[in-house]
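Chain lettering (A, B and C) follows the sequence in which the chains are written, and residue indices restart at 1 in each chain.
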Amino acid sequence: MPDPENESLFEAPPMAEQERMVEAILFATAEPVTLAELGSRMPMGSDPAEALALLRKRYAGRGVNVVKVGEAWAVRTAPDLGFLMRHEVVETRKLSRAAIETLAIVAYHQPVTRAEIEEIRGVSVSRGTIDLLIEMDWIRLGRRKMTPGRPVTFVVTQAFLDHFGLESARDLPGLKELRAAGLLDNRPPPGADLPDPDAEDDGDQTDMFEE
Amino acid sequence: MPDPENESLFEAPPMAEQERMVEAILFATAEPVTLAELGSRMPMGSDPAEALALLRKRYAGRGVNVVKVGEAWAVRTAPDLGFLMRHEVVETRKLSRAAIETLAIVAYHQPVTRAEIEEIRGVSVSRGTIDLLIEMDWIRLGRRKMTPGRPVTFVVTQAFLDHFGLESARDLPGLKELRAAGLLDNRPPPGADLPDPDAEDDGDQTDMFEE
Amino acid sequence: MTPAEDPFEADPQSVSERLAAEALIVDVGAFEGPLDLLLTLSRTQKVDLRQVSILALAEQYLAFVERAKALRLELAADYLVMAAWLAFLKSRLLLPPDPADEGPSGEELAAHLAFQLERLEAMRAAAARLMARDQKGRDFFARGLGEDVARVRRITFTATLLDLMQAYARVRTRDDFRPFVMDRDAIFTLEEALERMRPLIGFAGDWTDLTSYLPDGWQMDPARRRSATAATFAASLELAKEGRIEIRQADIFAPIELRKRGPRDA
């Protein structure tokens, strides 16, 4: 219970308001919060213990609960709903330079054949790179090209557009616009004079003829 | 409403249970979640829209609220309790005046081209300003404009709406008044006496899409 | 814009106005271009932007530029362009309209400038209101604590739009920065083979071995020969489809031969 003397000195907020405060603090704080911390952050004269007890009761049986972690308190998903959280954490990795360049060429030139990608990149494209992009559902096979050999082409997918927040691949800015926006340095890219960082891809150049 | 046929095939959980699930998912995720994502994570036959509506009502006036962010939903602390969270405030990058104005112009005039931004500000958009705003995930590319040169446009993102607590770009402060005053019109200068700010974009930016 | 206003009212500058102009000149670097400066100048008229006298504003701006010149201050080109334009606008506003002139009237030009100023002012105010809103991470907060329920680790690869655009820019401009090199000297493309064969088949009256069509210098190295053979073979299939040549092979693994198909054979 609040100290009656304090109550007269400091007008503590109504208990419903104190409960709101505890709720917001527990939600937003990255670590579980002790009663002492709650008290130090709430207005003078507040009673965090009582507010917390009310909040705890309010969340009983809900989708998230107020739980005790050591000496501190936190909001956690109800244990029976853990199955909903399975997709929560995915480990993300940066795409390799070869992959992002290949992806960019497909996006800008689609439909584009593998030979055309190699022509633009200036090095051969390893099969793993294309496979990875297809597996990620960012590129897919398009129509065969109406040129000799009828090579398959690659186009970007709806998932690609969704991921990059594009309405269509045609909305990508052109080279001129990239330069104007300062995305295109007129400096040589780092390592341009060094051994080609794409050398890893250069090894099995001939493998495409062994299919 | 749930499809009655589906309901017979897949036993959907009771609505109270669905509400708990939506509650758990929204609490667990810092990013806004769309209805489609909710639906895909809940058991077959669930009605996330109805569950969400119930949940939203339940949290009205509480210390945390269910808010709409563009086409998605998130739980956020009530703005009036921000003073309790001083510990949580992370110093954000101080934006330059040019960046803030560019952001506002994109928000109020979207979809807007770079040339239009420059026309409004009366100066060229400095190198890297657009770059920075894209990197912060506050603006993104929109559709190309159906004008000569088909310049790219910029629009604001869901992260922008989330950051400024907006349900949609239509809720920007003062938008109606500005529109009523004609200040959001794209009014071309009379005659050709002023240097045409679009001239630089009229070049051959479409060439890359022409085979 | 009020054309009725006495155009010479602003001419004998008061001391305070002159001081204000001096201050502006000191600050010229702080302005984001002529429009920004004009907006600041228009505020000294202490009126609603919709009532601002564009003529008086032009006078103020021209006085500013004169003073900057007198002080031998380097003004950026766009300030001088604006000065020239405002001088032109001033003459249009002061002189009676020439009926032979088809361009926009001085009033129209002035109205547009007033609109630009009002719009810039409005966007500044909108920007300020936007930044004054409750902001995430400052006034309201997202969930601070990650869930520690059992997780399924799934690796996804990620890239941002910026990565994508920069990658493309890098690829497309790489040739700007390095001497030309043949990266694929061991690959002979179908297109190249076709280009080589089209003129040659005109002379191939009789059955000729396919390998005789391989380009010079591609026979020795196995990788190069393989690539050239495959491309040449694919190209001959294409030419056969077009009805320009015939192909035959006597036996499995026997040499493939081709000859021109005469128009009468068709």
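In the analysis below, contacts are C-beta pairs under 8 Å (C-beta built on N, C-alpha and C of every residue); 3 or more make two chains touch, one makes a residue touch a chain.
Since the model is a prediction, treat every value here as computed from it, not as a measurement.
On a Cα centroid basis, the chain most remote from subunit A in this structure is C. Each chain gets a centre from its C-alpha atoms; the one nearest the centre of all protein C-alpha atoms is B. With each centre defined as the average position of its C-alpha atoms, the distance from subunit A to subunit B rounds to 16 Å. Subunit A and subunit C have Cα centroids separated by 29 Å. Taking each chain's centre as the mean of its C-alpha atoms, subunit B lies 25 Å from subunit C. The set of subunit A residues touching two or more other chains comprises 24, 27-30, 75, 77, 85, 87-88, 108, 165-166, 172-173, 175, 183. Within subunit C, contacts with two or more other chains are made by residues 141-144, 147, 160-162.
Those residues of subunit C that touch subunit A in the complex are listed here as 141-147, 149-175, 177-178, 183-184, 186-187, 189-191, 194, 223, 226-227, 230, 234-235, 238.
Of all the residues in subunit B, the ones that touch subunit A in their complex are 19-25, 27-29, 41-42, 62-64, 75, 77-78, 81, 84-85, 87-88, 114, 125, 127-128, 130-131, 140-144, 151-153, 157, 200-201, 203-209. The part of subunit B that touches subunit C in the complex is made up of residues 27-30, 74-79, 81-82, 85, 88-90, 92, 97-98, 100-101, 103-105, 107-108, 120-123, 131, 134-135, 140-141, 162-166, 172-174, 178, 181, 183, 187, 189-191, 193-195.
The part of subunit A that touches subunit B in the complex is made up of residues 19-25, 27-30, 41-42, 62-64, 75, 77-78, 81, 84-85, 87-88, 108-109, 165-168, 170-177, 180-183. Those residues of subunit C that touch subunit B in the shared complex are 32-36, 78, 81, 85, 88, 103-104, 108-109, 112, 115-116, 118-120, 122-127, 129-131, 133-144, 147, 160-162.
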